[in-house]
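Next, two complexes with subunit A in common: one pairs it with subunit B, the other with subunit C.
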Partner chain A sequence: MRRPLLPLLGRAWLALILVFLYAPILVMAAMSFNASPFYQLPFEFSTRWYADMAMNPQIIEASLRSVGIALATMVIATALGTAASIALFRYDFPGKRVLQVLLFPPIAIPWLITGTAMLIFFFAIGIGRGTPAVLIGHVALALPYVIVTVSARLSSFDVTLEEAARALGADAWTVLRRVTLPWIAPGIVAGALFAFAVSFDQFVVSYFLAEPGDSTLPVLIYTAIRKGFTPEINAISTIIITVSMGIMFLATRKSSFGGSR
Partner chain B sequence: MSSVEVRNITKSFGRARALDDVSITFEDGGFFALLGPSGSGKTTLLRTIAGFSFPDTGTIRIGARNVEAVPVEKRDIGMMFQSYALFPNMSVADNVGFGLRVRRVGAAEERRRVAEALDLVQLGDKGGRMPHQLSGGQRQRVALARAIVTQPKVLLLDEPLSALDKTLRVDMQIELKRIQREVGITTIFVTHDQEEALTLSDRIGILRDGRIVQAGTPREVYDHPNSAFAATFLGEANWLPDAALEGLQLPGDRTRHRFAVRPEALTLTDGRPATGNALSARLEQRVFAGAMATCLVRVDGEPWKLVARDRDLPEMAPGSEVWVSWTPEDTLAVPREAAT
Partner chain C sequence: MAEITAPEDRRRLVTLLSPAYLWLTLAVFLPLSAMLFFSFLTDLPQDAPDWGFTLENYLSFGESEVYATLLWKSLKLGVTVTFFCILIGYPCALVLARTIKGRARETLFLLVILPFWSNSLVRIFSWAIVLRGNGVLERGLEAVLPWDIRLNLMFTTHAVVIGLVHSYLPYVILTSYLALQAIDDDIVDAARSMGASTLTILRRLLLPLSLPGLLAGAVLVFVPVVGSFMEPRILGGRHGTYYGTVIEDQFVAVYNWPLGAALSFVLLAVVLLILGLSTPILRRART
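On to the complex of A and B.
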């Protein structure tokens, strides 16, 4: 009679975790469709806050900036990260192991510390604050994610495929384009989605590095909350969460964390 | 199609010499087997000819062209890998057509030549399949079709059959030989399997420690090995103990040669034969294997092996005193080496 207890406990535990994770989000999403500005029940369906949000030039501007920076981060981090992964895979050089190990801490270091450090560093080298600083910061944060996903895919790549292609007369570029890249494409797509999400969801580093005038969406939301909470925030947050979760879902499916074929 | 000429190639990896002053000529249209134990430098030599590895010194000529400084993709070679190395994201037809597309022969020409090559390896109906839908033997054929469809100057194969099981391997050997004859392409085939080398090739080169110890037709090397290593690596040899040489007819000088006899050249009898070379021995074991039988005997304490038709062997119990004999012309005279 004691055996079913543990699985039962385990399931209850899991359910509890999911409740605490998703209940606030669901409440927020529900409230974004509630007509009352003071979260009053009974629930009365309305898209008023979405309409308000769409009319708010600050929100629109911040959204466009966020998407722009996220797209730029995605492109740059994916290109650099893919190139770095291929280089790490193909060449042996002194310090390679050290470099590979150094790629992981940025994922674990608190963003607060990374953000402070970047701010100090960017001022020291004269970049200062502003959109270029934000972009550099985001690329730096996103790069390890790309390298990890692409490298995971590369680790199952058979280099004799490249040799076979070269023996057949293909130059280095053709080999890369026709043989290597098609194989690692799922890893690249997953890495790109991670890079987009890391940038789009980024608050701390953006908060440190953005000029007061050109906030990204998370920064705008934070400042808006400090001034006074409006249900518009629920609306935009719901949109962000939907987009981010969609992207993460795609990314984990593409990378399948460990890589079947 | 072209001959391949390797002259004085040396290649070191750190302090290890993988190739040590190797010179060898692969004749136009020939099927050449490079045979040697693991680590003897076969792969390194093949990869040097292909252009994946660059020699420290020496020259390589493919046809009329010196290629030491030419990258792989410009050498016009065909290569087959042990792992097949088919592109997993391309269909069979696209795999075979890859080299043609790189050469920009045009879609119609590509389709025609791919179909021709697939017919040659008897996979004419499999062009639309993906590599993972094929059996090991079929992948092998696709890899071969892909390697020869561009009509390269030379076909290089590094133990291509070692991943196949025995029956399939024998089938592929026959198939490979047929296709090589049909196409007439100069072929260099690396193997550590002496039987495979004998079956396939019209010339053999035996490698040891980065050196070619002997090259020639399989029969030349088998009948006239120039070293103890060659004698035992290609075929088996029973060495005549020095104490037993007295009274035998030998084809050489005993100070400069060691003498050996192949297992199948020996005859086993219970009495001393009237003619030929004969030595007394003790029968240790007789292994029946259908038509043939193998006998293990001891001659002056040396273990010898003898292969004969089972019905030609006298019935004798292990431990009996017997005679082993052979015609004097079957004695191998192997030059003594300074070392080993």
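On to the complex of A and C.
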């Protein structure tokens, strides 16, 4: 009698957690389709907030800026991060441990600290605020994720494959292009998706580094929320969370974070 | 892996590594060091030509109780949120790792950690819509319960805690789950065949073996919560003043950057202390 009860309770608990995690997001999404500007019930279906949002030049501009910065972050962080992962994997050298440990501060230190430190430093050296500063910050935050993800994939790479290719007469460049890179490609794709998501969802660092006039989407949303929010913000927020969950879904499928086994 | 011997290898190593690490140096390590320097200044060099060195930014920490009180308040918030994340998350990880098998487990695990990887600002905003007075939660409860409900959760400390637990819960589940699923089934079966009850297995076997993972999750929740400012701002209203929001104010409202740098650096010191103390745990959790 006791045995089936416990797993049943466990499953119920798990179900409750999923409700807790998803209910607010679903409510927000539902409210973006509600006609009332004051979130009033009963619910009346309308797409007017999406239409309003599409007509709002500030939202459109910020969206384009956010996507642009995220794409640039993705390209730069993936290139630099993959190169660093390969070096960390292939060579043994003094100080390697230190370099690996240095990847954790950007992840572990609260973004409030990193963001304010960047703001002060960028002003001191003349970069100041604005889109270039935001991009520099985002790439730095995304790099550790790329290196960790690509390194995880590399750890399953059989070095003898490279040696075999070498023995068959391939030069270093060909080995990299035809043997190593194809093997770690899923890791690179996952790392790139992580990098895009880190940048696209980044609020704190952008908040301190973006010029008030040309903010990214999350910064625009934060400012709007503090002024008193509207269903237009629901609409764009619903789109953002759909995009960011979609990207992370793909990334976890590609990497080992999906908890296989 | 090869030892570096040929100069050509050395050159290749530097070419591959330096772009990433130079970038990190420029964008993270130099700024963090610069913040320490700025925290001892009277004024920003670019604003005032007559800037000088001072200890005042740090002394103000001792002079007025405000900052110390708020830091304490933020640390308490960190403890509360971490506590609830463990209380809610650990059983969930236990169920996922030990009672559910196969594809269902994979899918459920992905469902649990997916929100964590999505936009945190938007998720906090969604709670603002749920919790607001006469909002969805109150109306929903009214529909079910026969009496009038006035929860008045929005703009309270409770709202801040709910939002933060929602934000960071998946961390605890993730690290606990990874530790729990690594435990060999045979050990559990052996214990059971020798007559151990479910509770004994949990207390004497599963909990100790997964403790490093659980603690790693706790640290990963505690640290960002102490430095949070957006969540208390949106959900806390009048009660939403924390150490993080005061730092935010120095940079975006009051424009006292040296004081902001000093406050940030104190927070950094606290964070590094916590991370340093927990390094042995985190290291064990990863292996």
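By definition in this document, the second predicted complex is superposed on the first by the 248 of 261 C-alpha atoms of A that agree within 3 Å, B and C clash if a C-alpha of one lies under 4 Å from a C-alpha of the other, contacts with A are read in each partner's own complex, and residues count from 1 in each chain.
Just so it is clear, contacts are C-beta pairs under 8 Å (C-beta built on N, C-alpha and C of every residue); 3 or more make two chains touch, one makes a residue touch a chain.
Quantities reported herein were computed from a predicted structural model and do not represent experimental measurements.
K.L.:
Check subunit A with both subunit B and subunit C modelled on it and let me know: fit or clash.
P.N.:
Aligned through their shared chain, the two binders fit side by side on subunit A.
K.L.:
After the superposition on chain A, what angle is formed at the C-alpha centre of subunit A by the C-alpha centres of subunit B and subunit C, rounded to the nearest 10 degrees?
P.N.:
Computed from the C-alpha centres, it is 100 degrees.
K.L.:
Using the touch definition from the top, say if A:S156 reaches subunit B (first), subunit C (second), both or neither.
P.N.:
Touch partners of A:S156: none, neither subunit B nor subunit C.
K.L.:
When the two structures are overlaid on chain A, which partner does A:T47 contact: first (subunit B), second (subunit C), both, or neither?
P.N.:
neither
K.L.:
Does subunit B (first) or subunit C (second) touch A:V179, or do both, or does neither?
P.N.:
The answer is first: A:V179 touches subunit B but not subunit C.
K.L.:
Considering only touches as defined above, state whether A:Q100 meets subunit B (first), subunit C (second), both or neither.
P.N.:
The answer is neither, since A:Q100 touches no partner chain.
K.L.:
For A:Q58, is the partner it touches subunit B (first), subunit C (second), both, or none of the two (neither)?
P.N.:
After superposing on A, A:Q58 lies clear of both subunit B and subunit C.
K.L.:
Please tell me which partner, subunit B or subunit C, touches more residues of subunit A.
P.N.:
C
K.L.:
Does the superposition put A:M245 against subunit B (first), subunit C (second), both, or neither?
P.N.:
A:M245: touches subunit C, not subunit B.
K.L.:
Nearest CA pair across subunit B and subunit C in the overlay: distance in Å?
P.N.:
9 Å.
K.L.:
Which positions of subunit A sit in both the subunit B and the subunit C interface?
P.N.:
Touching subunit B and subunit C on subunit A: no residues.
K.L.:
Which positions of subunit A touch subunit C when the two form their complex?
P.N.:
Answer in residue numbers: 6-7, 10-11, 13-14, 17-18, 20-25, 27-28, 31, 39, 41, 79-81, 83-84, 86-93, 99, 102-103, 105-106, 108-114, 116-124, 136-137, 139-140, 143, 147, 159, 172, 197, 200-201, 203-204, 207-208, 218, 221-222, 225-226, 229, 233-234, 237, 240-241, 244-245, 248-249, 251-252, 257-261.
K.L.:
Given the complex with subunit B, which residues does subunit A contribute to the contact?
P.N.:
158, 160-161, 163-171, 174, 178-179, 182-183
K.L.:
Of all residues in subunit C, which touch subunit A in the complex?
P.N.:
1-4, 9, 12-13, 15-17, 19-21, 23-24, 26-32, 34-35, 38, 44-46, 88-89, 91-92, 94-96, 99-100, 105-106, 108-115, 117-123, 125-130, 132, 135-136, 139, 166, 169-170, 173, 177-178, 181, 198, 220, 223-224, 226-230, 233-234, 244, 247-248, 251-252, 257, 260-261, 264, 267-268, 271, 275
K.L.:
Which of the residues in subunit B come into contact with subunit A in the complex?
P.N.:
For this pair, the touching residues of subunit B are 50, 52, 71-74, 76-79, 81, 83, 85-89, 98-99, 102-103, 146-147, 150, 156.
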